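So, here's a batch of structures to check.
After this come two complexes, each holding subunit A, first together with subunit B and then together with subunit C.
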Partner chain A sequence: MGEMEELRKEMENLKDQITAARKTFQDSTLQEAAAGVTVVGRVQLKTRKTLRGHLAKIYAMHWGTDSTLCVSASQDGKLIVWDTITTNKVNAIPLKSSWVMTCAYAPSGNLVACGGLDNMCSIYNLKGKDGNVKVMRELAAHTGYLSCCRFLSDTEIITSSGDCTCVLWDIETGTQKTVFAGHQGDAMSLGVSPDFKFFISGACDFTAKLWDIREAECRQTFGGHESDINAIGFFPNGNAVITGSDDATCKLYDLRADQELLTYQDSSIMCGVTSLAPSKSGRLLLAGHDDFNVNIWDMLKAERVGVLAGHDNRVSCIGVSTDGMACCTGSWDSFLKIWN
Partner chain B sequence: MTIRNTLQDHGQRYRPRMACLKKSEKVLLEMQDPKTGLKSQPQRLVITTIPHAITGEDIIAWLADRLQVDTQEARSFGSMLVALGYIYPLQDHKRLVIKPDASLYRFQTPYFWPTQQWPVEDTDYAIYLAKRNIRKKGILEMHEQEHYNRLHKWMNHKWDFIVMQAKEQYRAAKERKKPDRVVFDCQERAYWVVHRPPPGTVSAMDYGLDRQIDPNSDEAVTPDFYERIMIFTQQSIMRPRVKSSVSIGALVKYCATYNNHDPFLSNCLPSNPWITDDVTFWTLNMPCVEIPTKMRVERWTFSFAELLSDTRGRDDFRLFLKKEFSGENLAFWEACEDLKWGKAASIKEKAEHIYKTFLARGAPRWINIDGKTMEVTVKGLKHPHRYVLDPAQTHIYMLMKKDSYGRYQKSPVFKDTVKKAICPDEHRFSGAQLEQNSKKRRPSLSPIILRQMEQEQRAKMAANIDITQLCRFTTPVPHLAVYSGFTDYSHCHRLTLPHLPGPHPGLSVPHQRGPGQHLGV
Partner chain C sequence: MTSNSNVSNMRRLVEQLKLEASVERIKVSQAAAELQQFCLQNAAKDALLVGVPTGSNPFREPRSCAVV
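Entry: the complex of A and B
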């Protein structure tokens, strides 16, 4: 027992050293730097389109890189690819397991992926020879549910799971390339950096971790949240990370300075954050909550500048298109709305 | 009372809701504060008097004042408190919302708060339904009757116990004074509306799926656990950090730079397709358009990464490099990208070609990298893998960024592009025209189609050129996989896609039909 106590003390000591190291580099705060920036003013977005067709709770959505197609997954067992301009369904893919929790669109537009309580990530080829959409691969090795997946290319995909690990897969062979272990709670979501060299994951151990894909190691860990982190995303320049948690707050962490910059919270918001997305310039942060609303924050000044209210149930997923023109929200009320 | 479940499992099942519930309780306690909270009064309801009742409008006003929000938000917040079961309505008890009028509400007793009574047991519900059945037969609603029948079937083995408990509770209740009994009945009824909602209600207790890892489970903490954390922490301390002022400055600058390019913050010209249903904006900004817009060209000056990631920008840059006779750098970079993201089967072949074209002594497009990097790369190429060219690629990338990029922006090629770039006039549609636009909506081009068109164009161009003077590694055309010679740009022209909107035969999105797939608007 004495040995354990010593080890624990040593660990605490090191953690204090890290806090001290971070403090020495903290010669300024975002509030100070943003004091001179002009105010954004009230941001009002209206619903431009409503995508109807799902029959049960929508759990996830993801934009394609062309900014007009998006894919959504719902617990009615369907993966639907939408043409958002006309609200037509381009593909309606029936799934083997209806307990789907995530979906992703490949940057090339050729593949979509989904997964959930079946512990597998299923990859579908949209570019099939006879026009059929078929399962191309089933990536099975996780021992927990699949909470999130994101493509790096047509040959690689990263998944996060309830078994606390994230995995980089080789799609062609269907095998695991790298397992990123380190979280102590379910890994709930992940985000890939704009240069595809790093990815971040948020978990139920209240921390977010930055992973180097090539070196296969965890570079940085960020704490500070008081509850499970449900959503995570990169700031558009790739140097900062935004997290959203069940404690109803979002936090901004800087990667290069290795510290927490801001917390986005308000006493009138008590329902947890389920999903988030930054706008193209990074100035606005859109966060979807359990209380059926989406809050829009001015990221530099930490002020709430807008609310999107239109759903009749929890907002489960949100995404801003690549060209930044529209934001799509998906909800448990089975509708997707495009806002602008 | 009921024999309650004595399991310690509180940490796991209500985890997703816990933070929210704690916040609600704080607000609720403030609301009940005798000095600063809500003013309650006894209300007459039919023949009895209910003590401590509050009106909906009072609740909303108090919340709006306390949280500093407008009435609409205060109303949503109030409704959330009702949906979670902290406040219950006296009239219209099945609808868990706050009405902004004189409707009456009461605070729920802490005994029935969601945090106290978790998990909510089916046994308790069965006893409750049985009790109500005993009191007056036929009083159960349709959904309650269905629940009752279902529970009767599944709990048949302990039904005697349940009925006994129900009778006991009923008897005990009769011994209470009438006003107390009425209040307790209301509270209990409200509790079950929250936890066993009537069909069609959006339940606030619905938290989705369970988390897998139980935070309350005592993980055997081994020395290894601490060792791992310490190694990681030590590495972390040694990592280079940047002063936060520098990093923050960069964030603020990024926001300012892209402010005009953010469609949520500034207008886009000629008009936002989502608002006017006119897709000119997207047509003008296609990947391989001949003449780019001014905004797009401006983005190329923001960073080198931005220039390279835009196909049109890269083309312009390539043109400039050709004039400087340093086109091999970009060609090498593109070849590395192709190797990194392409199929595993082709890695060996591509690596060989790259070596022959760019790295070998006397290679036709030899790139200038330092000795050490060259050594490492050549050694790695003996057993090529996806990232074998990373050091060399990074070196060339930095070279282009620090040297060529700056010169590009001052070059006549770029200046010419800037001059020719279009700045479309803003659309001014009348109401009738907007209607017309919405009728003329066409489906968007699938990215697969776009890429196929691009590839066809390139194949066509490549087929017209002498085979020793090949080009283009952006999308290598499969049957012409020879990297040699140098690009002849005079033959390559920009892809001009047919002008949209307007019906065009070859450009409809392939509607993928398969057995059992339904496609409707």
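Entry: the complex of A and C
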């Protein structure tokens, strides 16, 4: 047992070392740096389209890279691919398991994926020869629910799970290429870096982790939240990470300074953050909450500059299109709304 | 067996912490300045920030109808 004690002491020492090292690089704050910048004027976005068709709570949505199509997943047991401009349903895919919690659109536009309480990630080919959308692969190995999935390409996808791990899969063979273990609680959300070399995960252990995909290791761990992290995303230039938590706050962590730069909070906001998305320049942070609203923050000044109120139930998912032209929100009220 | 796996778990945690402690860091002032610069440089292209003129908004119906 002597070794355990020594290891525990070493662990505490290393944690103190990291805290001290981060402090030595804290020569300023983002507040100070942005002191000369004026707060963004009030942001008022209007609902331009309402996508109707799901018959139950919507749990996830993801934009296609063409900024026109998007996919949504609902516990009515359907994956719907929408043309957001015409509001037409391009595909309505019936799922084997209706307990879906996440969906993703491949960058190529050829595939979509989803998963949930079935512990699997199912891949669907939208461009099959006979026009029918069929299950192409069922990626099974997680021992907990599938909370999030994101394609790297048509041949690789990353998943996060209630079993506390994230996995990189080879879609063609249906096998796990890499298991990313380290979180001490359910992994709830993940985001891939713009250069596809890294991904970030947020978990119920209140931390966010940065993973090197090819080296298969966790590079950095960020703490500070006081509850589960439900949502996570990269700042558009890939150098910072934004998290949203049940503690009702969002936080901005810089990857190169290896520390938290800002917390987005307000005493009037008491509901957990369910989803988040930055605008194209990174200046605005849109965060969906349990209280049916989306708060819009000036990311540099940490001031709330707008609210999107339009859903009659929890906003469960949000996404900004690749070209930054619009934001899409999905809700437990069964509707998706397009705003700009 | 449990005590062995606990020790190996701890060893793994310690190794991971060593890796995270060794990361190369830059000053917050530099990181903050670059984030700010990115925001300001890309502001004009950010439709949600600067707004979209009605005519060029793909999500808005044009006011006039064209008879083809």
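Convention: the second predicted complex is superposed on the first by the 334 of 340 C-alpha atoms of A that agree within 3 Å, B and C clash if a C-alpha of one lies under 4 Å from a C-alpha of the other, contacts with A are read in each partner's own complex, and residues count from 1 in each chain.
Quick note on the criterion: a residue touches a chain if its C-beta (ideal position, glycine included) is under 8 Å from a C-beta of that chain, and two chains touch if they have at least 3 such contacts.
Bear in mind that the values here come from a model prediction, so they are computed numbers and not experimental data.
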item: Clash or fit, subunit B versus subunit C on superposed subunit A; value: clash
item: First, second, both or neither for A:223, with subunit B first and subunit C second; value: neither
item: More subunit A residues in contact [subunit B versus subunit C]; value: B
item: Contacts of A:325 with subunit B and subunit C, given as first, second, both or neither; value: both
item: Touching partner for A:174 - first (subunit B), second (subunit C), both, neither; value: neither
item: Which superposed partner A:77 touches (first subunit B, second subunit C, both, neither); value: neither
item: Touching partner for A:254 - first (subunit B), second (subunit C), both, neither; value: both
item: Partner chain(s) touched by A:163 [first = subunit B, second = subunit C, both, neither]; value: first
item: Stretch in clash, subunit B with subunit C, out of 115-123, 187-195 or 259-267; value: 259-267
item: Shared subunit A contacts, counted only where both subunit B and subunit C touch the same residue; value: 3-4, 7-8, 10-11, 14-15, 17-18, 21-22, 25-30, 33-34, 37, 40, 43, 45, 48-49, 68, 85, 182, 218-221, 235-237, 239-240, 254, 256-259, 261, 279-284, 299-300, 323-327, 338, 340
item: In the complex, subunit A residues that touch subunit B; value: 3-4, 7-8, 10-11, 14-15, 17-18, 21-22, 25-30, 33-34, 37, 40, 43, 45, 48-49, 53, 64-66, 68-69, 83, 85-94, 99, 101, 108-110, 117, 126-128, 131-133, 144-145, 152-155, 162-164, 170, 172-173, 182, 184-186, 194-195, 204, 214, 218-221, 226-228, 235-237, 239-240, 245-248, 254-259, 261, 267-268, 270-272, 279-284, 290-293, 299-300, 307, 309, 312-313, 323-327, 332-333, 338, 340
item: In the complex with subunit A, residue positions of subunit C that touch it; value: 3, 6-7, 10-11, 13-14, 16-21, 23, 25-36, 38-43, 45-49, 52, 57-60
item: Parts of subunit A lying in touch with subunit C, wherever the complex brings them together; value: 1, 3-4, 7-8, 10-11, 14-15, 17-18, 21-22, 25-30, 32-34, 37, 40, 43, 45, 48-49, 68, 84-85, 182, 217-221, 235-237, 239-240, 254, 256-259, 261, 279-284, 286, 299-300, 320, 323-327, 338, 340
item: Contacting residues of subunit B [partner subunit A, same complex]; value: 15-16, 18-20, 23-24, 27, 67-69, 72-73, 76-77, 80, 202, 206, 209, 211-213, 215, 219, 221, 223, 226-227, 229-230, 232-234, 236-237, 239, 241-252, 254-259, 261-265, 268, 272-275, 279, 282, 285, 305, 341-345, 387, 390, 441-448, 450-451, 509-514, 516-521
